[in-house]
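What follows is a single structure, and I will ask about it in a moment.
Chain IDs A, B, C and D follow the sequence of writing; residue 1 opens each chain.
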């Protein structure tokens, strides 16, 4: 019985990575969510229904800065969202990816032509380089950045680059490239719970909960 | 679907594994072949270098092939060989560009090539066969 | 069963059979075209072969199904007859030869002695080593012993078929016979692997032809397969490739996509990871190949192909469940288990966090008064 | 200990407050870590977890906008808090310690962060509006400030005032106690100042800034309340609206100071505790007091502005045209961004026929005056504060309005201080005072 690199990448390595991913994510969330929650005894300004719905609404409204801030942060947000959109398009609409996810979830959905995905990948890759450039050149972001930021960037980039090389059959044989691509995904899954990639799970609850707390006071968000 | 007979069957053409383009238009393949031929001809003119293109190695659709044929047209020479099956060598309207077809004894096409040369190499008589022929003629009844 | 007198070159042999030089050039051109070799190779091959001596070939069959040999005999160009009578001298083959028993044994011994260091050894089938080699014997000797002996005087060994090249089906988990590929037994002779289950007939004969023509080993890939035939993946040369690039996939074997001839990737086609000449040389004299007939490639020419999961699971699919084919239920169980582990660990962390947390008298106030409205 | 004495002490004019204890660097770190540990809860941890280091919050902060100095990035101001959380309390704290992904907080760091947490943050809440993750950054800064108090690193001005208020009820000593000053103001402006009445609808408190600098505003409050015909009272033992315990970062002191007002409101059976023009006093009483009290308050807490606007809406308050010319309005951060009191002042101004020229950033986007969060009291914060204020002053000039109005005495005080510093001729007016000047008598029966 032989176990080649590809078999290892999508077999034992993927299984271990998914195990670490699932357990790690829940672990990390439970570890803080089960900490003390202070009950707010102050009289709310609005009904619970109202401030809860304001919170849910904020998931959408926080997607774009308030008009007053657009001049200062609009470009940064646009950059951020566009590469995220690119990443999601590649992840969710590329045939082989649908096949992969389908093999996990048991159902599939229509994708985009692979040529279109290649185009999106090229654009996303460029934007992603732009993100790094911005992180390194902006004094504020550079100061805030730590190993987590750079490593998370690197892992995501690795997945993109190996993915594109695999599709284009560049540099090595398909199965080697595919194995490297899947291994990089394994690495990403393993890293996921430990770093900032967790924001994928945080972003909507964070917007909703923080805004609901503010809305309880009648405060804008 | 309960019985084998219910499975729909469609025979696909054996001739054209490459699907014809839905728009019926010509691919860039023809242009590429023509420009390749042109540069091969230039080399033939300059250095007397002869060369070949195996048409079966190119991903040409039926339409592509017909387009290539009409682009190259027909020239002065048609040669027919009878050697382990029939073969034809046809000069196109571009001097030095030859269209070769080889068929096996059963008549099936076994090779199709473009040869860029003063004449197709296969037409020349072989020196050892010429020597054999000379010997054979010498030993011919009439000369003895 | 030597088919011709010894000592004649290929050219002499041909002329004896009344084949003209033009006929031979044409034949070689057609062969080169069928093997997807460069067109000038045809004429060059014809020129070289005419003056090349016809090598002696020994064909040994071990733990195999004779499928490879069946394929070998069905080569269209060069045909096996042509190959056998004109180009090589097939001096031992236990399936074809008329002789049997001691006569056959002594024929083999005499070829090995007479052509020592010059004959081509073709091996078909894997070599079982379990039970002291008792799973495959001939004349009271095990396959391993026969192979080792025959390998000593071979100029080159052609491991024909995935079994002899990579172990194939006998080698697959749990490998009850302790089977091994030729390369695991013979370490000191040049080996050319001609894999496939079976290999494409023209690839077997073509590789042989190429060796006879040039007298040297062809350019080999990392699996010791001739790059001329195994240099590209099926996927790279597949006529359905445009559909892959457009993202048009057949989802089942009888859907609209399948009828339209769309890419079979999602139906488990192993074309992207399989290196062979099926898409170019094709089968049955260039008639078709599995993908053209509507079935995905099963990757039979790759090492360990039998152990790489279901033929019908897409290449991109995850592959970590026992069944080989990932089933959502198994995934759910797996996710449930890991999520539970995570939740327990998280609750533990939070519990420890709460215990370690600094508390002030204010917390006590809030604690005591809790509940009173 | 101090807490126990505090309750037994009657407000006195002048006490000798104990000096802020000097602590060793080790004690500072230990104190800060104790504080961080105390502040960690599900919500604060979630906020710290969610930050993706995008730096957007810098673009909302007037300190960063004025200086372009990256250290003033709001989320950076809680970096030690984040560090302590990830290293000590997060899910993978052992890993963070093992691999050194987060270093331990040091005393040097804390000293530097004293400047970032106190001198350069008004707790204005503008950054909480810009965060794409929705993080309420200000809430984290308030928590980090409390840990700084535990580290013994609260700014000395705030510490001293908080302690003085804790012990005496007054943040500072005054020649005449505030209670007597209040009576004096009543006489001077000919307004009735009911003191220590029981069974009233409304209990009032006073910003000490008003007593010291703007007596007319104190009188205005009483005048408007009398005009509305509401039964109200001041309480001798619960006079000061501000809470310096909150500024300094001591939750225990903040609680003791808030308790005074709560107990007095309960003692006089008030239905409403009305917080006059003081933003942070409102926020502390409205949004934090009940938690420190341990149960919901048995009375409502309202800001004067919203109380008056409600009376206006109900038709109980009639206002005449005010002769102030064009005006622009400075929104107090704590009222708009912590309490949503945005429309109330505008309704009042509209009722008085005032032509309002809004600033470029107004309402929920208004910049802080620069004095909030106790910053106006911190001596070392002064140079930066003036520099930062320029943004605000430019916005005010750009409106071309004649009058600058606000409904926070701290804003007003900060602007008046700037008037002296920049030698300009622009002072700020109190909306309450203008309302009091333009009361119209024929009020329909309530």
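Couple of notes before you dig in:
As a working rule, a contact is a pair of C-beta atoms (placed from the backbone, for glycine too) under 8 Å apart; a residue touches a chain by one contact, two chains touch by 3 or more.
This structure is a prediction, so every number in the text was calculated from the model and none was measured.
Of all chains in the assembly, those touching chain A and also chain D are C. Chain centres here are C-alpha means, and the one lying farthest from chain A is B.
Overall, the chain located most centrally, as judged by its C-alpha mean against the mean of all protein C-alpha atoms, is A. Should one ask which of C-D and B-C has more C-beta pairs in contact, the pair is B-C.
Per-chain CA centroids place chain C at a distance of 79 Å from chain D.
One finds 56 Å separating the Cα centroids of chain A and chain B. Distance between chain centres (mean CA atoms), chain B to chain D: 92 Å. A separation of 32 Å divides the Cα centre of chain B from that of chain C. Among all residues of chain A, those that touch two or more other chains are 27-28, 30-36, 38-39. The residues of chain C that reach two or more other chains are 345-346, 349, 353, 357, 366, 370, listed in rising order.
Multi-chain contact residues of chain D (touching two or more other chains) are listed as 40, 89, 91, 291, 294-296.
Taken pair by pair, the chains that touch are A-C, A-D, B-C, C-D.
In the complex of the two chains, the chain D residues touching chain A come out as 40-43, 45-47, 49-50, 52-56, 58-60, 64, 68, 70-71, 73, 75-76, 89-92, 95, 101, 125, 128-136, 286-291, 293-297, 300-301, 336-342, 361, 364-365. Remark: chain C residues 11, 15, 19-23, 25-27, 29-30, 32-34, 36, 38-40, 42-43, 77, 239, 242, 254, 259, 261, 280, 285, 287-288, 292 touch chain B in the complex. Partner chain A is touched in their complex by these residues of chain C: 172-175, 233, 235-236, 244-249, 251, 265-266, 272-273, 275, 303-304, 307-308, 313-320, 326-328, 331, 334-335, 338-339, 341-343, 345-347, 349-351, 353-354, 357, 366, 370.
Contact residues on chain D toward chain C in their complex (touch as defined above): 34-35, 37-38, 40, 88-89, 91, 93, 251-252, 255, 291-292, 294-296. Within the complex formed with chain C, the residues of chain A that make contact are 1-4, 6-7, 10-12, 14-15, 18-19, 21-36, 38-39, 94-97, 99-100, 102-106, 108, 111-117, 169, 173-175, 178.
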